[in-house]
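Order of writing sets the labels: A, B, C and D. Residues in every chain begin at 1.
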């Protein structure tokens, strides 16, 4: 365990550097970026917003980290977010007085269940039918949004049931409630993967599925499991997304989140080639992505060039993680080698 | 034209289903045509892609439809395919969004709303309202933040332009921040959160659609301010959620942009089949809703 | 190019896709009048010429085991650049075309270079490319720019009439030339075969003394070139530049390449397969338009379902084929570690 | 020789990997018209030296001369351009390309600027014919066995008019006739003046083919010798730095057989298979294995030994017959169920089916045990460390730290890690498919010694090796296979090399 920790610490170093650099930029150039006040009994400020708004991506990133560790990818999570949001909104219903159609916990449970089913569908395609992950999940990423539209009758469903607002808008001990959900999920995932052999098995499957099978690991079940888990994470993320704006928008909920989340995982140090994974790294990656977005809003970057700025930051953070690049910058020119 | 009373096949190329407004539009057209058994509607969703629209129109021509209903995603670039329709003798009726000047000869008419005008209406309403509550003395700066629609989309560009036109009469109005919220509630909220932290004083929020306005309202509330009072909230579209917000006093106004174009479209095509001449432009009937008339209108809203 | 097409394992997926295309076209012809017309068939090419060009570039990238997410944005950028050079700067079209193509090459080179030299994942770097190219579109203009230039107008309206009065557009000719070139390069040049070798096993390719680094960079250069060319063809199609063009088109390109039998894990696939993939994709769209009552959101579900059916069928064919020999490790698991 | 300039000369080469001194101060000379054997134990640095020479790695110190002039290839391609052709230890080909392409890619014959496929296929067939191989060169390489792949790798470098040819363990998966054919070709090339560097762990082959020998040990240069003047025993002693008498059991097979036969006779059956078979893979066979038994599987390449092992271990699913472990019928449907039933299996293809390159050595070792215990009974870090260190010590795995990634190990040490993985699961039946392939003499003896020790403790072993000598040395009984059929079982008197040969030749 100690070894795992020290390794992941080394890996997490560069993502943290990148985050720090972004923060420093804001410290100098964005007025009041770090000001935190207390309003309505909770903390209020850009930094708090970043944590709060990063939660949906963080939740997705947790699931995706495990999927990517098995050398897979899940591009359907954005659509599953929309489905989950749609289901929970339809079950709670748009009653103006805020009386839920079905009890809120049931509605949430149902939404998460549907998401897990979606994840299991992906898992089945990948592990049993043997489809390539990107194609298997492409199916649901296309069809899923359609399903979300069908569930919501293509309307934005507005919610007025107060207690449900807690998930995405509420505060607990002064901090956004959603961050506790993230913390709980990460803690649980870390426990399950690192205090049991699951993490090792996932990595083994990602590195060499055949060898894993020969070593007595049920690779298929592991694959199935990580996609189902990714569905679960997307489902929870969908609840938070729905609660944040108290509405479900089949068209736009979770749109493009899959790319942000994949980006977060990769920025966090987990390789798209599978193998070793870093949960905390993924969280830092998600924070980088969200800090960037918030910076663009707060700094007042014109929308026309916002995308260019994002591209540049993604590039720089990726380069920072490249061993070759660091070696180059450090002046070790000409030390070219092939690892065989 | 064909003899009256005959069954007609109508091809309808819709932009997509990117917003609830658009869906309402689609459903309105579909219902209107389905109610009349002498029409068969062939509907095609372009999923916000111009190329898909061109393909759809080509397929309509191959399918030999009698008339094409067409909502253009962008203004330009449909010339060649409209030319093909003309060669095939199929009339094209634009709905909601028109094509550019040079190609207008290739279509019969346009029915729909005017995004620039919506922006102008919003600015005009704001002028009146500020005068009414006595907040605008013509000198003191009025700080406005703007939530833009999807960068580059026609409603975003036009509603921005329209509002800017309206602002010309008010030198003390200032747009302090303007950022895209991509027409979505979630991004509208996130952007507004950042605005609120960066600027001490925001008087007015102008959102290019109600969805973003509703998201921003939540952000304003979280900042401990009162939407509709501390910050004047202006939206466009007139969706149900906005009416509810106006009734609750959290949004001040919504500029209607009616999607219910179906009945008008059916009527126009019937006229066409009967050999009548259509006017070059058919306007939709639209109004503006604020605290004075929203509550009364709310029960009748369909979307 | 290989002289004869034999039914061996290598072109089986291509044949499967071809068969499915014929089947779908047949179903359409039986169900709808006007479907089985020469023009309706040629429309598939007219309406998808840009996708064919993107597909050829993407095929190379995917065979090499990489991926290029930037193609849709690059296409948009190319439409913006050409329209603004033509309409705002009033450049000569003969100058605009090479400049636009060069811009595609330059962006491709940049991405390829970073991917290769710094050993970064193509998924992320081309994702950055996606943002960058899209951002540059907005920098040029957020408005659509209509093209009135005469040369462009002519190219857009010109019809190459074939026998029987049916016609194709000049863009189709361009696309077919690219397809032929792609087939030639992939089958008959050292570069093309090296692409396959890299996709099969990059480490082996290095040890076999193949110019892996150069080839990998060139693959992205070629894909960038194809995106830029596709952008020009797209402007012939729409006569305008628009910053939101080609959103998610990378997914269309990837889907058609995969439907065409190219494996995303690299090493296996063909340009011809991609052509059939595009045909299938186009036919799905035409079928849905002809059908005409599917609700918009149901079309998405239908398309998802069709992709599912396709992949499922391909998997079945593959495993039937694989069942003959004893199952050994698929080459995929030996993929290069970086 | 000393009068001539060597074609390749390497002086005082150093190469370090994190925590490993792979080469230190190694000198090496290769002359025109000679076959030079590079000898040394696993991890001695042979492959590393080759990789430095051919531009895969860059040396940390030392210089290299090509025909007296300094050379600095920085990629394998550059080395090829200098006239150095190499078959690396890990068969490095592209399984997705055709046989012909694997031979010619990068130097395809052209006609009018395009690849001339017809000529290429024709020439490929010709080159392979020189190696006595006739296969359909247009089929993709993955449809052929490892042996064919190995030959293709060799054919690839035979094609050219290079000055230097390097073969890193080319014979590890070839059978005797194939080796003979290869040697014929090598001799011819040598006589034409090519300099050939040859790495193998087969001592006999070294003496058959080489003119001179360079010995490495632990990355250090031991010496350069004329093959004729270096007796075999001395060579072994130099490579090992160990006395041969330490391996009493294995060097005295007769005594061992007697002891084992006694042990086996009064013990129970641990594994038996009845009419087990799979259509298209292997014909139904019977098999039984006693406690403490070592059953050798002998046969030519492709005779179905691996298939038999895969069926027993549940990798392939038998379509007929049944398996009993300790008299109880077991349903073996996956490696996992086989493992739970008490079996262990070391695959012959350690790169693709064995090692997890990016996992640590420790994780590689404990993985099967962990899989056996299940996900939730996770071995504590301390326990893991204990087990791994114990195994590293017991098997003599050369690594500074069990935390290092497994890919940094040399081939032989990776094999030991695999063996360690299965030993930790304390199986009652262990199937070893070519555990000695590509392993040096010392390690081979160690592994065989280990097998015997285990069998003495009651473990039943199925041992597959292409070297009859090894099979004979270890086994208490030998099953002979030919063309996917088990044709005989030999025991006692009949267990001789000629006995096996006769049995295999018999039916034809």
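Quick note on the criterion: a residue touches a chain if its C-beta (ideal position, glycine included) is under 8 Å from a C-beta of that chain, and two chains touch if they have at least 3 such contacts.
None of these values were measured; they are calculated from a predicted model.
Contact with both subunit A and subunit C is made by B, D. Centroids of subunit A and subunit B (each the mean of its C-alpha atoms) stand 33 Å apart. If you average the CA atoms of subunit A and of subunit D, the two centres end up 44 Å from each other. With centres defined as mean CA coordinates, subunit D is found 72 Å away from subunit B.
The distance from the centre of subunit B to the centre of subunit C, each centre being the mean of the chain's C-alpha atoms, comes to 34 Å. Annotation for subunit C: residues 138, 142, 203, 206-207, 296-297, 299-300, 329, 333, 337 touch two or more other chains. Within subunit D, residues 56, 75, 88, 352-353, 357-358 each touch two or more of the remaining chains. Residue numbers of subunit A whose C-beta contacts span two or more other chains: 149, 154, 208, 210, 303-304, 306, 338, 340. Contact between chains, using the touch rule, shows up for A-B, A-C, A-D, B-C, C-D. If you check the complex, the residues on subunit B that touch subunit A are 17-20, 23, 27, 148, 151, 177-180, 182-186, 189-191, 193-195, 197-198, 211, 214-215, 218, 222-224, 239-241, 244, 303. If you check the complex, the residues on subunit A that touch subunit C are 125, 129-132, 134-136, 138-140, 142-147, 149-150, 154, 208-210, 250, 259, 262-263, 266, 271-273, 303-312, 314-315, 318-319, 321-325, 338-340. Listed in rising order, the residues of subunit C touching subunit D in the complex are 2, 8-10, 184, 187-190, 193-194, 196-197, 199-201, 203-211, 267-268, 324-329, 331, 333-334, 337. By the touch criterion stated above, subunit C contacts subunit B in their complex at residues 32-35, 37, 39-40, 43, 46-47, 50, 137-138, 142-148, 153, 156-157, 234, 237-240, 242-245, 247, 249, 282, 285-286, 288-290, 292-297, 299-300. Residues 114, 117-121, 123-125, 127-132, 134-136, 138-139, 142, 203, 206-207, 251, 254-255, 258, 263-265, 296-301, 303-305, 307-308, 311-312, 315, 319, 329, 333, 335, 337-338 of subunit C touch subunit A in their complex.
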